[in-house]
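In structure tokens below, several structures.
Across the two complexes that follow, subunit A remains constant while its partner is subunit B and subsequently subunit C.
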Partner chain A sequence: MSKRDGVTRRSVLLSAGAAAGVLGIGGSNVLQSLSDDSEINDVERFLQENTVVHGYCSPNCRGHCPLDIHVRDGQIRKVEPAIPDREEFRRACTLGQTHLHRTYNPNRLKYPMKRSDWSPENPNPQGRGPDAEFERIEWSEALDYVAGEMDRIREEYSPESVYFELGSGGSGINGTVYSRLANLFGGTMMSWSIDINVGLGFRRITGAGYFNTPTNMRTDIKNADTILIWGGNVFRSRLNPDARFLLDAIEGGTKIVGIDPVYNQTTAKSDLWLPVKPGKDIHLVMGMIHTVLEEDLEDTEFLRERTLAPALVRTDTGALLKTGDVFPDGDDETPVAYDADAGQAVALEPETYGEYALRGTFEFGGHEVRTALTELEETASDYAPEDIEETIGVDADNVRQAVRWLATRGPGGVMTGLGVDRYVYGHVFGQAYAILLALTGDYGRSGCVTGGRFAGSGYRSDYGAVEGSPGTRRMQQKGILSALQGDADPPLKMMYTQSSNFVANQLPDRQQWIDSLSNLDLVAVADIHHTPTVQHADIVLPASHWTEREDITGAGEHPHAMYREPVHDPLWESKSDHWMIAELADRLGYGEHFERDRTTLLRKILEGEDRFTFEEIREKGTIHLETDEIIFTDEFNTPSGRLEIYDEDAPSEKGVSLELPVPLEDRTADDHELADEYPLLFMQGHSKWRIHSQWAENPMMREINPEPRIDINPQDAKERGIEDGEYVRVYNDRGEMIVKAKYNDAYRPGHVNTDQGWWGEHYIAGHHNNLTHTDVSETIENFAFYDTRVEIEPAPEDLDTSKYDDPTETDWIDQLQHGGDTA
Partner chain B sequence: MSDAASADATEVSQGYAVLARCWRQPDERLRAAIESGELAGVVELDTVDLTTLRTEHTRLFVGPDGPPCPPYESIYRDGDGDAAGNVLGPSTRAVVDWYDEYGLGLDSEWSDLPDHIATELEFASHLSTVAPPETCEQFFDEHPRQWFETFFDAVRAETREPFYAELADATAAVVL
Partner chain C sequence: MTNYGMVIDQERCIGCHSCAVACKDENNVSMGQAWNRILTTGGENIDTPAGEYPVDGGDGTLSMQYQPTACQHCENAPCVKVCPVNATYTREDGIVEIDYDKCMGCRYCMAACPYNARVFNYDKPETTAPKGTGNVEQRERGVVEKCTFCSHRLDEGLDPACTIACPSSARIFGDLDDPDSAVSRYVKQYETTQLLEDLETDPNTYYIRGEMSPGRNHLGNEMESELDEPPKRRNAEPGVPATDGGEEQ
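So, the complex of A and B:
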């Protein structure tokens, strides 16, 4: 058709105009979206404003960075790190500074949608997945569907058959409000099966630890003289929150020992690198414990005052000797030590120094007893660094050097990452290193580093579950999987997912989770973006972006509470999770318990806070909250009040009782039954280009980090006939993925890595979580993502790789310089 | 001066308005208009399934996956080089200035963006009744003609429903 062909134009217009009547466009009433009304639409109103508003970043990141959101013409133009109340916590990473591109991303979820072939009468679960098609619907319709199914399932099955899946994708009040509804309704919620392994092992000794292990505030890192950074790449995955504090320490002379199978950005900055083989961390700690005791480097004063080292252990039962075993007026709880000065047994009270014998065998009350330290020494005697050199892959001299620095240079400790957490028996590592630090006395002082979760603060609030709520059924994620598969009473029949991309992307053995959804009548997903989990939804609920929500949060790992002012109203018809929940509550008969006005709700949530007012935090953005910089200064939260280096209530694993740590391994064991078939250990490190699976779709980040790959030692690659940059098939007995091989000497032979967080659609085929498994230890249901074996071969010849190598489909990549993460 | 300008102003204006309506979410009225033949000058289809049409509209223009044919001017004009732009870019701002110049703003109940194809056509409908043809041409030059063609090409390539291919052709005939 020729351009500006007046005749055609006129005839089309006139014939189109003929339909005006039936479409309800009468006479001069041609305006639908436009109006000459004086009331201005929000989208336009915010096209006029210039200001800077308080913001903060909200993924499941440990940074919780305060942000300045610069607004011009009513839109975000720039995001910068804000200077918080306590200035030294100023920071924000590349991700946090791309909120402009997240907020105005054309691919955001815009309107509520329903899978076209879903209905309450015929949920048609097989229609979910990559080929699902959707139809935009009204909010009222979407919420009626969700509330209607909640009601029906409550009647037909049980309220517990409704799974409220709260993920970690957006800190703020959304989780508080969501849990309030779940508790009123009496649904099922999940407890974590991720990141709790080392923390819970450490807790047996210290009485603290859950998500990773607690330590002093970041500002105290510089006072450490020696830090063993263990299983965590601070200068990559924790670059923003932790790295600069660590650099201050390095500049001040702190010795850094990097303990990691991978030569990475952090080990590169270390004074000493201990390249421990994957899964041999517990062996290495035992070697260190042996070294401390053999070289008499232990802090005897600390051991006597704050630990169970002098506690006497019965050689017949393995139980601690109690005052009741020795004294007529004793009890069956208080442990006993031998006071060498007094020449007699005494009760071992918390935080009490005495001239207790640290080593030796004695006899009391007819029982042969030995000190806990002697028991430990004997257990560790099998692990002299020289004897385990080959097993762990670390030179004995270097192990001893690290121990000498740690024990003799002054305060220090172990800064844990979450790498060791992702092996089945990671909890024994938590137990073991807690004991190592007990020997060196690294608790409760400035300069001690006891873990990886730094002291911080949150606001105080009494706002939570409504009194009299039936409460929720709690299951760990491993149990949720069984319940989704129908193996629970009552089974799960629907899920309402908020801030979560778990089921279709982030959980191990992903296909099992996706398959389990076939048992559900309704999958409702509230999110900002089209995650793989959204693609499996029946009802899609578009959530507003963080920048569009007024909110408050506790910083968690820095000492602030923070406030966020919305930049403008949510775009399209996206809504805050709070709004959605209040709407559902109305429909379910709980409306009276939900405040609709956001600001009023925030005020209500802060009613229990007596250190600052809502007006103050709204004005300042961040409020510094006085927080102890040093932790573990008082009696330990253990039965004895001491560090329980001997745990008489220990669990067992594989028939091994763990009063003292014993190196245990699952798939990393050299003689594991899968070792021949799948010789490569597969880790999925955390990139700096994503927080879990968030930002995976962000065009700015994809410019730098365009596609998933597998890091492989050239030796392993050449043995398999794999060229650098060639597509390979990574597989095991559960599944596969197709990615590019990247020759990378930083990974030792036998160890390969693909960064986690990539979405299914980013792979040529498969997914990294098609390879991982859901096997957990007997003690702690913690998913062991890195405890995975794979084999690799060149990818099939007929592979369709046009997603990445067809120039017509990759203009946006090819125009850009590739760079970034090469380690 | 084009012949269109001399046509009955109301009918021309309604023509643009009908096209605008056709680019929005399909409803029962649209189905009726198609099946009754009253839209024959735009699309010629005997029957149409409303659910199919709505699903296709959602897939092409809404989501949940990044829609293949986002119906906003800024996507096509405000990116770096050939890269797609974000929404609410400088070109959005510029089209809002046009609306503002004629005393119009987005209706307060309207949830979509100001540079949606339907709203630009709707503005053309209004403009054709209140401004001289040269002004209408200027608007077309500054906005619709800057991006409609690329958008229509995407619609023709992506759609599985003849309705949208024909609607793209009809709108192209009017605007380009």
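So, the complex of A and C:
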């Protein structure tokens, strides 16, 4: 008899909801939790509905994949990647194809709830957290509480004391409607402190970039001859849903150089892997810049026509020489070059070729000047690949090989992930690689790859803030933390959160955020699932799932506008965020500005769109919108209209002025003060099992990826007496987490990883964000999650790990695949 | 005659598990069971490589690939031979299928299958969705089940669910008896292997390792044989080597 005899399927399924059970949210068996309330919300009432409806997936991977939702007897049976208007953009990753399991998930919020020991008179903030208990209330009661507190706090403090936190957990019109209310009310909203580092550094040179860096449309990848994939396992993240675009390029002969401290499914498909040490990316770019210039591989025509390479820099001030310095009728803006043919100084206009000297020292108007390229060459001269080999951990010949491919094989470039973004000085990397691509002339042509955010489009709309709204106070997330801690005028006194699992899970130094909530009288959270942030709420507002909302969105990274049709009414008592906002608006006296009927609202939002009608998109599901496939074809959006390889308005960091890139490091520095005590660098990669913290509750994913682990090189593990699969304690000066060790030779000794997005209750103890910090650079307030040091030791003996290793609870996990479990 | 087979291009596969997940939903497979598993060829753990990290700064020798593994639809299938009640049989189109009415749950086939492709319903299957998932009836407890090449989809002229789900176009399905089909051409043209060849089970599933193929035409759900104009690939002629591509593909 099999050892499985006696294990009933019921206990196996219960265990699939074990994590939910631990949270104390109940409903670990979905079948039961659905049928409990059959009188109103069982999907039985949709029986006989057999159809395929238009859907799309919309978490913050920015994928926006069009989906076909197959419905039988009123219930979702299957989700498939749909074929959009422009067929080649058919796409969806593993996650998007499991919305059935997100829709009918036991972890769904079912009713409005109130924390049992919260009341407006006595908010009891200390009652929030893992032990908080909730009671079911009516929608009207829940909304009265939220609106009532908004009103009171506006009177007692200021409208700005109400924090409207809009997360990235669901694209569609909800954010638009939400911001409309926040603007009318005059509350506080946040600006991002995440993933803007490299983009803003790149922007200083190119005039473009914010969240990551822009590049040509995906369809153009195949025309690249060499791609340096830098700091991103793109086959696990941004090119997971449509990997074929890059695979087709590889199949057609594109050379791929994987630049990553980690060996992964992307570096595995690369022609060359540069295993750069964590945090040494800027050094490596400088080595590449040096190589281009030393080996005369630069594209001189491009440099003369489209960059500031020939611009003359005053050696006395470091400022660019301006026409006003040289010509009587000049100005103090236009830079100057030396025209070697004419033998004289000339104004350097955008998009203009001339026989400008690219190198050299000259004298004009009594000033000694040198070309920007000469300045760059000198700065880069300290970084010959051979001289930095030790520092960056990459073989010098391989660096030169990568540069030669990039510079000589034809168009190509750098495809960025979001890894380098997550180091304190990641913005200098954006600056540096933008310059590298200027030298190789990789802008504005087919086959150029300038970043990681692929060209796409959205719909046009005039619908937004109501005219005459007071508008919101904006603060970057770092500032929000201070304001939550009471360090702002006016301070924050309540928050109303939509589509966000930030405060209790996704932000660095998580304990600080959780503690800061004690200053708030009300935390109201609207979400689909019972997230850790919901567990810290006073009022819980159950939102409908994406499959239950009529909606529209722009695609962002592919050229479509998309429409989604509800499969059935929202389950249980959940409601669309739009409905909640309109109800709140009524109570606050803004009701006239909010359309109640969803379809009417969608029509209104699309009134400004002249390329298609609402009827068309409703019928087709997706509408292809003509979009430029190639970007950077025109004058750059910079003061000079050229690529500013010398940035005269540069910021400073640590007293270093950054006209030209200079490698800077925080905790990754070998001699950092924490290096001895916490010798391991800790990253938290984006996994293929979640988008941020979404899907963490999805049983389909949890079967394959049941619990958090820490990837560790066996050498590091053995030195610490740690066996593969054993629980370990990961800790530093801020906090700890207990996770299973996973021997993984893909990681360099000294470098460890736990994929981000796991929820607090998924850990035996602690959390990955108990280890991260909120230190940011002087220039850009961007959280540096990976710039973190830890130490690891075997976990304490007396640990309660029954959550995962009770045999009846994890039997189903054993049945599934394990790496190396070959036939 | 038709003889269905599949080519899985491991050079294209990115190990995403979309095919595995789509298989489960399409076929109403119970939680805790899997017909299609994505194995890592590399280290001991999922998503880990074999070899040691190149601390000398070189490109190193680490290696990792993914091996999606489901029923191989063996032409000489050991599972068929051992079934005492002929519940497991080979259809005329090459698909190895199970007649659930006949299956008595002895599990000889599970012992016989060298690919670990079969699962047994020890208890009543359960799914996240209350009425089950996908397009196939749920099997009762007490029977063995496995990949069917989505024969119910083939009846409709559609490719198997895994093949549609793959974002890498790594799965190519079709008729091995038709020399012009993509599967036939790929088997001929690329370096393909069958799993555990020396056992002489002669699987109808082939794996490409070495040179990457152009993959499946992903613009529709139809089987290639159902298309009015079968996709023209750069290697439209059997035996003609792949060129460096270009617009015309």
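The rule we apply is simple: the second predicted complex is superposed on the first by the 761 of 823 C-alpha atoms of A that agree within 3 Å, B and C clash if a C-alpha of one lies under 4 Å from a C-alpha of the other, contacts with A are read in each partner's own complex, and residues count from 1 in each chain.
Following the convention adopted for this analysis, contacts are C-beta pairs under 8 Å (C-beta built on N, C-alpha and C of every residue); 3 or more make two chains touch, one makes a residue touch a chain.
Worth saying up front: this structure is predicted, and the values here are computed from it rather than measured.
> Look at A:E133 in the shared chain and tell me whether it touches subunit B only, subunit C only, both, or neither; answer first, second, both or neither.
first
> Tell me the contact category for A:F682 with respect to subunit B and subunit C: first, second, both or neither.
Neither subunit B nor subunit C is touched by A:F682.
> On the A-aligned overlay, A:D395 touches which partner chain: subunit B = first, subunit C = second, or both, or neither?
second
> Please tell me which partner, subunit B or subunit C, touches more residues of subunit A.
C
> Just subunit B (first), just subunit C (second), both, or neither: which does A:Y563 touch?
Neither: A:Y563 stays clear of subunit B and subunit C.
> Looking at A:Y383, would you say it contacts subunit B, subunit C, both, or neither? Reply first, second, both or neither.
neither
> Please work out whether A:P81 is in contact with subunit B alone, subunit C alone, both, or neither, and reply first, second, both or neither.
second
> Would you sort A:H101 into first (subunit B), second (subunit C), both or neither based on which partner it touches?
both
> Contacts for A:D73 in the overlay, against subunit B (first) and subunit C (second): which applies, first, second, both or neither?
A:D73 sits against subunit B and subunit C alike.
> Answer with first, second, both or neither: which of subunit B and subunit C does A:P699 touch in the superposed model?
Both: A:P699 reaches subunit B and subunit C.
> Both subunit B and subunit C contact which residues of subunit A?
Subunit A residues touching both partners: 4-5, 7-10, 12-13, 16, 30-31, 34-35, 42-43, 73, 75, 100-101, 104-105, 699, 811-812, 815.
> Per the contact definition, I'd like the list of subunit A residues that touch subunit C in the complex.
Result: residues 2, 4-5, 7-10, 12-13, 16, 30-31, 34-35, 42-43, 70, 72-73, 75-81, 83, 87-88, 90-94, 97-98, 100-101, 104-105, 222, 235-236, 240-244, 247-248, 250-253, 263-265, 268-269, 272-275, 389, 392-395, 398, 688, 699-700, 703-704, 711, 713, 724, 742-749, 811-812, 815-823 of subunit A touch subunit C.
> Given the complex with subunit A, which residues does subunit C contribute to the contact?
11-12, 14-18, 20-22, 24-26, 30-34, 37-60, 62-67, 69, 107, 114-116, 119-120, 122-126, 128-135, 141, 161, 164-165, 167-169, 195-196, 212-215, 218-221, 242, 244-246
> Within the complex, which stretch of subunit A touches subunit B?
For this pair, the touching residues of subunit A are 1, 3-25, 27-28, 30-37, 39-44, 47, 73, 75, 100-101, 104-107, 109-111, 113, 116, 133-136, 530, 534-535, 537, 540, 571-573, 697, 699, 811-812, 815.
> Taking the touch rule as given, give the residues of subunit B at its contact with subunit A in the complex, in rising order.
Listed in rising order, the residues of subunit B that touch subunit A are 2-4, 7-8, 10-21, 24-25, 29-30, 32-33, 36, 38-42, 51, 54-55, 57-59, 62-67, 70, 72, 75, 81-89, 92-93, 96, 99, 103-108, 110-114, 116, 118-119, 122-123, 125-126, 129, 169-170, 172-174, 176.
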